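Each of the next two complexes has chain A plus one more chain, namely chain B in the first and chain C in the second.
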Partner chain A sequence: MSNATAARTLPPINEALNRKRRKARAFHDDLTSFWFLLPILALFVVLFLVPLAQTLYYSFTDFNGYSMNMHLVGLDNYKKVFSDSSTLQGLGFTILYAVIVMVGVTCLAIPLAVVLNKKFIGCNFVRSLFFFFSVPSLAIMGMVWKYIFSPMKTGVVNSVLSIFGIDPIPWLSNNALAKFCVIFIAIWAQIGWHATLYLAFLQAIPADLYEQATVDGANKWQQFLHITLPQLMPGIVTSTFLLMSGGLKVYDLPYTMTKGGPGYSTYTVTQSIIQQGIGQSQYGIGSALAVLFFVATGVVVFLQMGISNLISRRFQ
Partner chain B sequence: MGNATVDKTSVKAKGMTFTARKRIGSAVTSIVMIAISLVCAMPLWYIVINTFKTIADMNVNPLGLPNDWTFDNYINAFKTVPILRSLWNTVIVTFFGVAIQVIVGALAAYGMILRKSRFTSAVGAVLMVAFVVPAQSTLIPLYRMEAGVHLVNTLAGLVLIYLGGAVFCYFLIVGYMRSLPFELIEAARIDGAGPLRIFWNIVMPLIKPILTTVIVFQTMGTWNDFMNANVFISSSELRTIVLQVYNAVGQFSTDWPSFMTITVLALLPVFIFFIFCQKWIVSGLVAGSVKG
Partner chain C sequence: MNFKAITKTVIAAVSAGAMLLPLAACGSDADAGKTKISFLSWDNEQVMKPFIEEFEKENPDVAIDFSYAPPTAEYIQTLQTRLVGNQAPDVFIITSENKNDLIDNGYVMDMTGKSYTEKLSQANKDFVSRDGKLYGQSISSWAAGIAYNKELLKQVGYDAVPSTWDEFLTLCKTLKDAGISPYIEAIGDGADRIPDSFTGAILAKQGIDVTTLASEDPQTPGEHEKEAVKAWMKVYEQGYASRDNVGVSGDDAKTQFTNGQVAMYTTGAWDFSTFEQVSFDWGFAQIPAMDKNHEQYAQGSPSPGLAIYSKLSGDKLKAAEKFLDFMVSDWSLKQRSKNGDAITVEGFTSDVAEQYKDVYENNVKTGKYFLITNFYANPDVLNSTNTAEIQQLVQGTITVDQWAKNIDAKMAAAQ
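Let's look at the complex of A and B:
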C-alpha cells in the first residue's frame, strides 16, 4: 500500500519504469509460487498422471505383462468385465457396503456425539474408549473378528449362544450372514472416529443459541432439529464424504475376514483389480476395471458433493 | 460452561425437583453410556485377556480372567516372529512417508495462496482430479513402474507410493492457510525475508493446528495400511506390522492365544501414540474442521 501512494506522487516519466518493475515483480512472484508447487506437481506426474494414462491405454490392449507383443483389442476388456459374474458381484457388494456403512455410521455417530457432548460421570472415559477402538487397522480387526465369528463352537459368539442352547451359526460361511458381518464390523469400527469428528463440530456451536431457544420454549427435539443439525452440516458433509470415498475403496476388511467369500459374496472391486491385474497378470482386464472404477468413484463423489452442497445451502 | 448457565435458569424456573430429575438423568446417561462403550470394547478385552491364557484355558473360558496367568505367549511371539523388525520397518515407512507428504503438501498450499494466477488455478483443478483418483486405479502401472526401477519389495518403494497422500494433505492445509492473516506474510516480505524463510519461520508455526490433524490422519492411514504393503512387499524381513499379523494368521492357525499376542504387540504402539497425542488430536480436529 505504501508502494502505491509513493507511485502516485512520483512524476509521470517514472510511470513506465514503475510498471516494468511491477511486471518483473509479478513474474518473480509467479516463479516463487511455481517453485513451491513443483514438488507436488512432480508427484502428480509420477504417481497420478502417467499411471492413469497407462491404465487407460492397457485397458484397450491384451497386454499380459510378459509378452511385449500386445494388440489393441478395442472394448473387449470392458465387455469381459461386464460379463464376468465375479466382478459384477464384487461391484454389487462394494456399492452395498459403501452405502450401508455411510448411512449406518452417520445415523449412529450423530446421536452418539450428542450424548458424548453432555457432561456426565465418566464421560471422558467413554469418549476415549469410543475413540480408541477406531484406531486399530481394519485389516487387523478383520482377522480378529474372523476368530470371534468362527463357525465352530470355539468362536466366542457361538460359544456364548450355546449357553442359551442355540446351535452354532455359520456366520462367515453363509452368503447373507457374511455380508451382514462384514458391514456390521465396518460400522462398529468407524463409529468412534466419526463421533469424535462430530463432537469437534458440536463443541464449536455457540452455547447462546441453545439458551435463546430454551427461553423461546423450544424443546430438546426442536433444538436438535433446528440448531444442532444445521450447525452440524459441514461436519456431515466431511464425514459422509470420507465414508463414501473410503467405502468404495474398501479392501482390507472383507479380504482379511472372508477373503471375499463365501463364493464371491463379499468380493470387492479392489480385490478384483488386484487379483486379475497383478495376481493373474491380466493387465488389460484389470485396467479396464480400474478405469471403470475411477469413473464411478468420480461420479459418486461429485454427485455426493453436489447433493450435500444443496442440502447445506438450504439449511443456511 | 453453557450447561451451567442453563442449569441455573432451570433451577429458578422449576425448583429443586427439576435439578434432582436432571441429576438422575445424568446418572442414567452415565450408566447406559459406560455400559454401551464397554460392550463395544469387548473385542479389545477379548484380544488382550486371551494373550495371558493357554490354548486349553481359552477354549473353556474365552471371556473370563485366566485361571493361571501365563506370559509364555509373549516369550514365544518374540522367539518365533520378527516383531521388532516389523515394527521398525513400519516406523521407518510411516515416518518418512508422512513427513515428506506433509512438507510437500504444505509447500504446495503456500505456493497456492502466495499468488493467484491462471497457473495456480490450473494446478488447483489438476490436484482436485488427483484427489478423486482412487489408489486402486493406478495400482497396476505403479507396480510395473516400480518393478522397472527395482523398487518393488523395498521400503523406499513403499514410501514412494504413500507420497500420493500429499494431495490430501494439501487440501486440508490450503483451506486452513487461506484463513491466515496475509498481512503477516506481507510484513515479513517487506522486512526482506526470503520466501523459504517466511514459509518455515512464519507460516509453518501458524498452521500448527491443521498440521497436527493432518499428521494424525496420515500416520493412522500409513501405519494401518494393508493394501499397498501387501502388494508391494513380498520378503518376510521387510514386512510391515499389519502384514506380519496377516501372516501370523496362517502360521498360528489353531494357536489363537499366540495370534492374539502378535495382534496386541502390533496394536500397542498405536495406542501409546494416541494416548500421548490425544489432547492435540482433539484440539487439532476442532481447529482443522472448523476453519478448514
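Let's look at the complex of A and C:
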C-alpha cells in the first residue's frame, strides 16, 4: 500500500478511535457525576422511596403501630377513607385553601412587587418589612392570630370594632368566618415572600424594553401586560407551584388557630393523616389516606404545572 | 511514606481515638455490678431527678437509666417505637390514650395483688384495669369544678355555686338578668366538662362497672352520655352561655374569668396559679349534680400510672418492683404532693389549696369523677370526634341525637 493510499484510509480509523475516546470520556464523566450523585440518591432511596413503599404496604394492612403481627385487609382502609365524612370535609377545605391562597397571593404579590420595584425613600426598609412577615412560621402566626380573631369581646379585632359600636363578630366560632380567617392569614403571611420572589424576576427585566415601549407610545398598563407579565412567567410558575404544593399539605396554621374546627370546617387532609395514623394508632387508614393524598397532590401539581407551561409558552 | 503523610496519619488516628474516648467512658461507669433498669417517663428530669436520687440512695444495688418524652402524643409515639423496635423500657407510663393498646398487645405486666398497689384507691385501680387485672400504679387524680367570682355572685345574693343543675341554671338566669355574663367553657379546646360529670353519676346510679365499657361491642359512648348532654345543653338553649364558646380556648376563657367579665368558668387546679396572680376573690365549687336523684360527680381522671414491661424477669423485675414500692412510700408521696399532685393513696392526704378542698375531699378522694375517654376503646378517636361534634352541637347545627349517633358511628368504624 502506498503512503498516499494509507493517508486516505487513515481518517476512518482515527475517527473510530476518536469516537471510542469520546465514548470513554463520556462514560468517565457519567461515572464521576454518578459518584457525586450517589449520596443524594442514597438519601432519596432511604428517606423517600423506602418509606413510600412501606406506606403503600401498610395501607393494605391493619397495622396499629404496636404489633408487627399485621394482617392484609385488602382495600378496607381505602373504603374507610372514602366513607369517612370528616376526611371528605377535610379534603374540601384543603382544596379550597390551596386554590384561594394560590390565587390570592399571586394576585396581590405581583402588584406589590411592581410597587416595591420602584425607587422611593426607604424602599429597602419597606421591602424588608414585607419579607419579615413571612419569616415566622405559620404555626406561630396561627397562635398569635387566634388571639387577634378571638370571638370574645376581648379579642383584638372585636375590641377595635367595639370602639365604633359594632357588636363582637364570631370570627372563629362561625364556620364560614373561621375558614375566611385561616385563608386570610395564609395570604397575608405569604405575600411578602412571594413578592420578593417576583421582585428578583422584575429586576432582571432589561430597562430598555420599557424605554422602547415608552417611545412606541405604550401606556403603563400596556407595558405591564405585554412586558412585565410575560417576563414574570417563570416566576409565576415557580411561585404558584410552591403555593399549590404547600397549600395542599397545609397543617400548622389551621391546627394552631382552630384545631380544625369549629366542627370540621377548617379540618385538613394532613391533619386527618396525622390524627388517624399517628394519634389514633390507625396506621393502615392513615397510610391509605397518605397514598391517596400523594397521588391526588401529584395529579393536581402536574396539572397546574402543565397549565402554567401552556400559559408560559403563549406569552413567549 | 513521607513526613506529611505520616503526620496526616497520626492526626487521623488521634482524632479517631478522641472520638472513641467518650464512648469508652459510657462503658466504664460507676454502675458496674448494679442492676440497671430503664425508665421512660413523661415528667422531665427536673421533676424526676429527686425521686431517682432518693431511690438509688435507698437501693444502692439498683441504677435507673432515665429517659423522657413530653406528654402526650410525643410520649406515646416514643414508647410505641421502642416497644415495636424491641427496645422496651422496663418501667414506663400507662395512660388512657395507650392503655388499651398496651394491654391488648401484652406489653404490660399484671400487678394485681402486689404490695405497691394495695393502698391505691379503687378509682385509680379501675382506670388501669381490664377484666379484673391491674396493669398500672396510679397514685393521684384530678377533678374539674366550677371556678366562680365571689364578688359577682354576691351582687345577685349568692355566696356559693348551687349543688344541682336546675339551681345552677336559676343562678345563671339571675346573673343574666343583672347584666352579668353567667358562664363560660372552652369548647374550642373540646373542654365540655359538665356532661362527663353527669355521666359518671348516671353510670354509678345504674351500677355499671366502668372497666367493662372498653370491652363492649359495639362501643356506644354517645348513647351512654346522651342524657347528660341533653341536660347540659340547657345552659346554651336558655342563653346563659354563648354559643360562640365553640371558638373559645382555655386561655380565652381564663382571661374572661380573671378579668371579671364572666361569673363562672369550668376548670381545674391547673388554673389556680393564674387566679392567685390576679387579685380578685374567687372560689372553686363542685360541679352541680344533674338533678336531685344523682350524686355530685366531677369530670376528672386518675393520673397516668407506672407500668412494668411484661417480659421483665429475674433481678430486673425485682428492681422494677422495688422502684414501684418506693413510689408509694411516704417520702415519695410527700414529694409528689409538694409538686402539686392530689394524692389518692389510702392513708395520705395532700396539702391542697383552700379553694380546692371541697373537690379534693368529695370528688378526688372518693373517686366520684369520670372522664369519658378513660373507659372506652380508641380514646383518641373518641376525643377528637367528640371535640368536633360537640362544637357542632353547641353551634346548633346538629341535635343531641345526631351528636350521639355520629359519635357512635365513628367509634364503630374505628373498632
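Structure notes:
Following the convention adopted for this analysis, the second predicted complex is superposed on the first by the 285 of 316 C-alpha atoms of A that agree within 3 Å, B and C clash if a C-alpha of one lies under 4 Å from a C-alpha of the other, contacts with A are read in each partner's own complex, and residues count from 1 in each chain.
One rule holds for everything that comes next: a residue touches a chain if its C-beta (ideal position, glycine included) is under 8 Å from a C-beta of that chain, and two chains touch if they have at least 3 such contacts.
Model, not experiment: these values are computed from the prediction.
Counting the residues of chain A that each partner touches, chain B and chain C differ, and the larger count belongs to B. Of the two partner chains, chain B is the only one touched by A:34; chain C is not. In the superposition on chain A, A:263 makes contact with chain C only, not with chain B. Of the two partner chains placed by the overlay, chain B and chain C both lie in contact with A:278. Contacts of A:82 after superposition: neither chain B nor chain C is touched. By the touch criterion defined above, A:173 lies against chain C but remains apart from chain B after alignment on the C-alpha atoms of chain A.
Legend: residue contacts after superposition of the two complexes on their common chain; A:204 is shown touching chain B, with no touch to chain C. Residues 65, 146-147, 154, 278 of chain A contact both chain B in one complex and chain C in the other. In the complex of the two chains, the chain A residues touching chain C come out as 64-68, 80, 83-84, 86, 146-147, 150-154, 168, 170-175, 178, 258-264, 267, 275, 278-282.
Touching chain B in their complex are the following residues of chain A: 29-30, 32-37, 39-41, 43-44, 47-48, 50-52, 54-55, 58, 65, 115-116, 118-123, 125-126, 128-133, 135-141, 143-148, 154, 156, 159-160, 188, 191-192, 196-197, 200-201, 203-204, 207-208, 210-211, 214, 234-235, 238, 245, 248-249, 251-252, 255-256, 269-270, 273-274, 277-278, 283, 286-287, 290-291, 293-294, 297-298, 301-302. Across the complex, chain A is touched by residues 73, 77, 80, 83-84, 101-102, 104-105, 107, 188-190, 243-249, 252, 255-256, 259, 261, 378, 380-381, 384-385, 387-389, 391-392, 395, 397, 410, 413-414 of chain C. Across the complex, chain A is touched by residues 1-3, 5-6, 9, 26-27, 29-30, 33-34, 37-38, 40-41, 43-44, 46-47, 59, 62-63, 104-105, 107-108, 110-112, 114-115, 117, 119-120, 123, 126-127, 129-130, 132-145, 160-161, 163-164, 166-167, 170, 195, 199, 220, 223-227, 231, 242, 245-246, 249, 256, 259-260, 263, 266-267, 270-271, 274, 278, 282, 285-286, 289-290 of chain B.
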